[in-house]
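Should a chain be cited, it is by its letter among A, B, C, D and E, assigned in written order, with residues numbered from 1 in that chain.
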Amino acid sequence: MLKLFNKDYHSPGTPPGTLASDTIDDSAPLNFLTLDYSEDSLVEIDNALPSDIEAKLESNTATWFQVQGSPNADWMQQYGSLFKLHPLVQEDILNGGQRPKLESYDDQLFIVMNLPDDVDGVITINQLYLCWHKHYLISFYTGDKDTFSPLLKRLRTSGTRSRRSGLDYLVYLIMDLAIDQAFPVLETLGLGLETLEEKLLQEPDQSVLHEIHEAKRQIILLRRGIWPQREVLNQLIRDENAWVEDPTQVYLRDCYDHTIQVMDLLESYRDMSASLLDLYLSSASMRMNEIMRLLTIFTTIFIPLTFIAGVYGMNFAGESQSPWAMPELRWSFGYPFVWGLFIVIAIGMLIFFRRKRWL
Amino acid sequence: MLKLFNKDYHSPGTPPGTLASDTIDDSAPLNFLTLDYSEDSLVEIDNALPSDIEAKLESNTATWFQVQGSPNADWMQQYGSLFKLHPLVQEDILNGGQRPKLESYDDQLFIVMNLPDDVDGVITINQLYLCWHKHYLISFYTGDKDTFSPLLKRLRTSGTRSRRSGLDYLVYLIMDLAIDQAFPVLETLGLGLETLEEKLLQEPDQSVLHEIHEAKRQIILLRRGIWPQREVLNQLIRDENAWVEDPTQVYLRDCYDHTIQVMDLLESYRDMSASLLDLYLSSASMRMNEIMRLLTIFTTIFIPLTFIAGVYGMNFAGESQSPWAMPELRWSFGYPFVWGLFIVIAIGMLIFFRRKRWL
Amino acid sequence: MLKLFNKDYHSPGTPPGTLASDTIDDSAPLNFLTLDYSEDSLVEIDNALPSDIEAKLESNTATWFQVQGSPNADWMQQYGSLFKLHPLVQEDILNGGQRPKLESYDDQLFIVMNLPDDVDGVITINQLYLCWHKHYLISFYTGDKDTFSPLLKRLRTSGTRSRRSGLDYLVYLIMDLAIDQAFPVLETLGLGLETLEEKLLQEPDQSVLHEIHEAKRQIILLRRGIWPQREVLNQLIRDENAWVEDPTQVYLRDCYDHTIQVMDLLESYRDMSASLLDLYLSSASMRMNEIMRLLTIFTTIFIPLTFIAGVYGMNFAGESQSPWAMPELRWSFGYPFVWGLFIVIAIGMLIFFRRKRWL
Amino acid sequence: MLKLFNKDYHSPGTPPGTLASDTIDDSAPLNFLTLDYSEDSLVEIDNALPSDIEAKLESNTATWFQVQGSPNADWMQQYGSLFKLHPLVQEDILNGGQRPKLESYDDQLFIVMNLPDDVDGVITINQLYLCWHKHYLISFYTGDKDTFSPLLKRLRTSGTRSRRSGLDYLVYLIMDLAIDQAFPVLETLGLGLETLEEKLLQEPDQSVLHEIHEAKRQIILLRRGIWPQREVLNQLIRDENAWVEDPTQVYLRDCYDHTIQVMDLLESYRDMSASLLDLYLSSASMRMNEIMRLLTIFTTIFIPLTFIAGVYGMNFAGESQSPWAMPELRWSFGYPFVWGLFIVIAIGMLIFFRRKRWL
Amino acid sequence: MLKLFNKDYHSPGTPPGTLASDTIDDSAPLNFLTLDYSEDSLVEIDNALPSDIEAKLESNTATWFQVQGSPNADWMQQYGSLFKLHPLVQEDILNGGQRPKLESYDDQLFIVMNLPDDVDGVITINQLYLCWHKHYLISFYTGDKDTFSPLLKRLRTSGTRSRRSGLDYLVYLIMDLAIDQAFPVLETLGLGLETLEEKLLQEPDQSVLHEIHEAKRQIILLRRGIWPQREVLNQLIRDENAWVEDPTQVYLRDCYDHTIQVMDLLESYRDMSASLLDLYLSSASMRMNEIMRLLTIFTTIFIPLTFIAGVYGMNFAGESQSPWAMPELRWSFGYPFVWGLFIVIAIGMLIFFRRKRWL
């Protein structure tokens, strides 16, 4: 489940760039794949050795180091300097829970993206870190293994645009995939809201309340996670150092357009969930009022009847033989008369309530 | 009905520009009309052949290729490259559910607009795509066939301003028509809200609640669909490449003014629907309170009377002949006295309630 | 009453600048006054002939053509070209329901202003159109005849600043008058809100709810009508073509200050009306709760008493002569004892409720 | 009390700069003090004659004309031209109810500030007008006499910074004083809100509702009055004509910082008052629900008991000697048995309610 | 506890830079530590004498004067001029309750930061003042003694980056620590909200209401305290006078990123607390409605039964021997018949309520 507070942080006053090893869960095995490609060639190395890596960093071909899983502090100390990652970048990756951002260091760009994922109705957000040097790109991703397999497949096919283009196109492809991850999640969320709406209009029950709250919670947290990505793309498009070349700019703008679509959807979901809550509370209150009104009217009709029955249960006639003491008791038709009284009163009240439009 | 999630999207990681044929409903027949016009001449071709098209693309006369209906992936593959449509443009058109936008590619402008339509009280949004090359314009529209017939009629009449002017004026005419489509829809919506308001002030019933919710839903989704069009027009007016020539600029500004009017209307509708919901809930709650108060007061008056009747129904006098045992039972005027008591209590309570302003 | 949807529009696809004669109510007679003035001279013509007009257009003296009432399409066709009004301007004037705006055409400024008016508590908004050419000004106004009479009076008095200054000062005077029209309406609205507030704090009744809704409605629609005027004045002040000369700029800034004052007032009215609604609903709910609590407590006290009376109304003692069968009935002081019980229970409950602070 | 509509205005169409004498309350006596000072000298004149004034205007020493009380139209006509006040300035001062603003005329700055004041818990807003010519300053203030006495005291002491510095420092001192006037008012308001909060958390009563509304009203109107002062200070700091010299700029920025502090306080007061209202309504509703639930449960327990007592009050056994007719009446332990029934039912229901967590 | 109004201020009209000694609590002892350091050397002086200080101010090594505790007016008068603190700075430090800000005086920067602290669940905000001259830095902090000990430890270790770098890096370290102080507080707050949420979804009680209010209060006041820090960092990063050198800029941007993370968290907490309040009120209202409905239905079922029992308690049969007078009383199976009636009515009503879905 998405957490309200989602950051691992060092205690205030820790030197910047500190790599705390204890906050890392070492259990998940690390998948470390190296892809060195150009239009004609493709070299793939699993768990490359430092010497392999150094060679690739120098080469002019595009190289993608793809790290799947959570690196620990040891790994980072070993490879971080190899890849020339800025200490703050290393710290951010180990800590996790970053805000999507684009940070430019001397000769590298550091990009943080959020990839929402929906596993059996439970929404999670996984972070993707991209460290982009001119000739190589390192990506860190802790989410599902298969997320990037469509990209790998295309890179492995020679002649595709991905192979022909440089790293900037690869970065675009990764970011596009990252942003598009939101669509299936939003589709599920949207369908969920519409199902809720239908349920509300037909036969609402109390679980609806918790479901609306759950939807609102998810929208609040997705919004927090996704909103800053718009700014990341904007910065990348306007970047003065031209990390992204002109032909790829067009694609990035398309990507930017998608982030705005995502935010538009989230905004309308938020409005809709507020409207659904209003509708639910109003409906429930109406239904309750309806029931209470009818029951109260029913009770009210019996109140005077019970009073009259009580009157004729008084013991006046038994003791004093006074003619003033409930003469009806001695009438032949006293009892039917009282029943007539009952019926007249009941019908009279029903007519009155109907006239007042209370029934 | 308008959907909360209205986008067809490829699974994340699909290459940009992929044309998925399976998401397309082939059943709707495609209407493909070519209009090649200048001040003196007009050539109209139904379902032009590729060779016809190629000739028109080169010519200096203005050419409008109007596609009515949903093209499928095959059609797009065949004609897309003929028209030199950018792969992302082709993908956007096939996917649908785009956000209104203006995207500038090297030698073409791609414009997405949303045309709301109201068919028997059900509001739908149809998308219009304009691909504008210097000498020709391709429009795609899946909505009603007759939407553009007033424009066609004017183009077919020689001597009109439309015939005398270039493609930029045609684009203005189409966008103006697209934006003005919102007015009848908004008029219906506005009248609906005012009818609701009158109903609320006179005799509200529970259906009002659902109607207000429905109105809010439509306003939320229309807002999402129409809001970005303001930016589209703004971009077109400020465009540095001067796609739109000076004489047409004046008209576009008028058009821009219309989008703002539409947003103003939607904003005030939103405020009004919120106010109507407040009014409805408050009225309903007041009415309910009124009823409950009156019924409760009625019941309350009988409570002590019934108690007294109960008292005189106790069997004390029958058993013990003690003079303390309900002497009233043996009074000649005991019974009338009790009735007097009843009446005094009831009237006393009525006066009390009236003084307290509870009645 | 102010309408939610207040625009006459042509069906989408109508050519721009179309003058539809059927949407015009011809019944209102048109008042067409021409004022040609300079510091020393003043010529006034009622219902000027085309020839008169043409002469005035050329002259260097300032000329104000003041049209009072709704021109119809015929009138517009006849005079529109005479005054060189842009077709879009003509269409806007005939259609009405424009958003306040300042539109600059080649050699003319077109200004739309909204003048709120309060006729016997019913707020209306009348539109004022100013078409300003360098040497003459045409104004269209459908509202009350006497609105501009203070200006006319000043123009007719020689030596006033109005006579000494050019058309830009006249435009300022008209716009100042237009904006100041809002103050009496806002004063009435403000006093109305304060009266409502007092009523609320003293003795609220249900009509208050409808009055608050009515106030909110008026504030929403006045806001929509007046808000854009701020932008109009801003544009006029910053205008690069220097339509307004320096000495008049000071006055226009004063005028701009007034539009902001109007918006400030409307904002605080909106906040206040929301606060009043809160107060009303809370008060009503408190009052209702108060009543229900007291009535329920009253009822609750009688419940056990009635039960006890019922117990002694049971017929056990009459049948079985068992000593266990309600021996109190045979006590001498049984009846007073039961009354003692009644009183003890009632007082005990009162004390209990008082202790619990329920009373 | 603060008014929703706080402006005196002329009827629309009145010439700009009109001084209406009838809107002025002449009863308040005018205090007119002239201070002409330099580092070494100080001349103080009460109710200076025109000739005194003219001399001072020419002199190079700093001169402060301090007007305390409401000038009337006659006064303004006499002195306005003497001081070379712009007609719009004169009109604004006489009318009152201005929005805080800084208006720059050719050779003068006109500044309007709002000074909130709290007299015995009633908040009022007094206006301060500063007309600043290069060598002299005229201030108009209708509020409390002693407001400016700390400044006067410092000016009367030779050697103070105030005496050493020019008019710009005096203007800073006056504006600083004006802005700091808000702090005691805000402190009282803040303490009031916290007292309200404590009261709410301990023993809320209905007066709290009106107090919260009163606080909201004051916050709305204070906000309207104070918010624009931020812009006034901003304009003064950025002024290109360098009315304020560099050494004083530092102080003005401090002053600007204070206006933002005031707004921050008002914003959090607004949020807090909204939260208090929520808390109050929720608490009251909870408390009411609590009472109603307990009373209803109490009543509900007696309902079946009373029914059973009613059953044994039926007269079946008396008439028919049928063995089916209420045999319990003839049992020796019938009456104790019924009491046992009463107790079992009551305890059973209590247990049931407790299990359901209704008690 | 955080106060709504948290400022000590002089009475309006006090000269700027006044140091009021009476507003200072002298009881807290002052801790005054001087650290003079360069890469190779470190000199530490406790409670330095004026002569020590003067020597350090001139030196080229970085010097940090760290004041822990509240200085009083005497202290400030003595040391303020020694450190060349601007009078307004001295006043601000003594008064406290400042808004986070960065103020640039001729040759010094004055920075105010807010450090939230959570002591046993009570959130407080302590202020940190930094007065930064080119070669020395004075910090004032009234909060916990140990806050800066991690920094001191690092400065005392030779060879650390802190020792190698200049004052700008020290300022970064202090501000980073100041901002990161918010994370533990926010984590506690976030966990608190999630605990509240769980409690709400399982078994809410009335204390939840006060807890939500308390959380909202803390969020409002934390927001007020922390929000302006974003602007402070922004100003420091964009500062044209290059107080911060390039290598430190990267770190400051990281710091800026943290302030935005803090605000993001606070925003989502605010949304969440609003949603929790909605959820609580709705749940409580649902629960209450549920109880009232069931109790009312229970009562309603007994109403007609009690009435019938009352009918057969009437004394008709006893007096008149009329055959119309309640013949059932004389039937052998009259009593069982009435019980049958009771049961039929009760079951009938249960079925009716079930059909209506009221049960």
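We take it that a contact is a pair of C-beta atoms (placed from the backbone, for glycine too) under 8 Å apart; a residue touches a chain by one contact, two chains touch by 3 or more.
Computed from a predicted structure; not experimentally measured.
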Residue numbers at the chain B-chain C contact, same meaning over half shared and different meaning under half, come out as different
Here the gap between chain B and chain D, centre to centre from mean Cα coordinates and rounded to Å, is 40
Here the gap between chain A and chain B, centre to centre from mean Cα coordinates and rounded to Å, is 25
The positions of chain A in contact with two or more other chains are 285, 292, 296, 299, 306, 310, 313-315, 318, 326
From chain A round to chain E and on, the chains in turn are A, E, D, C, B
Chain E residues touching chain A in their complex are 147-151, 154, 160-162, 176-177, 180-181, 183-184, 186-187, 189-191, 193-194, 201, 250-251, 253-254, 257, 260-261, 264-265, 267-269, 271-272, 275, 278-279, 282-283, 285-286, 289-290, 292-293, 296-297, 299-300, 303-304, 306-307, 310-311, 313-320, 322, 324-326, 357-358
Residue set of chain C touching chain B in the complex reads 3-5, 7, 9-16, 86, 88, 98-99, 101, 103, 105, 203, 206, 209-210, 213, 216-217, 220-221, 223-224, 228, 277, 280-281, 284-285, 288, 291-292, 295-296, 298-299, 302, 305-306, 309-310, 312-315, 317-318, 326, 328-336, 338
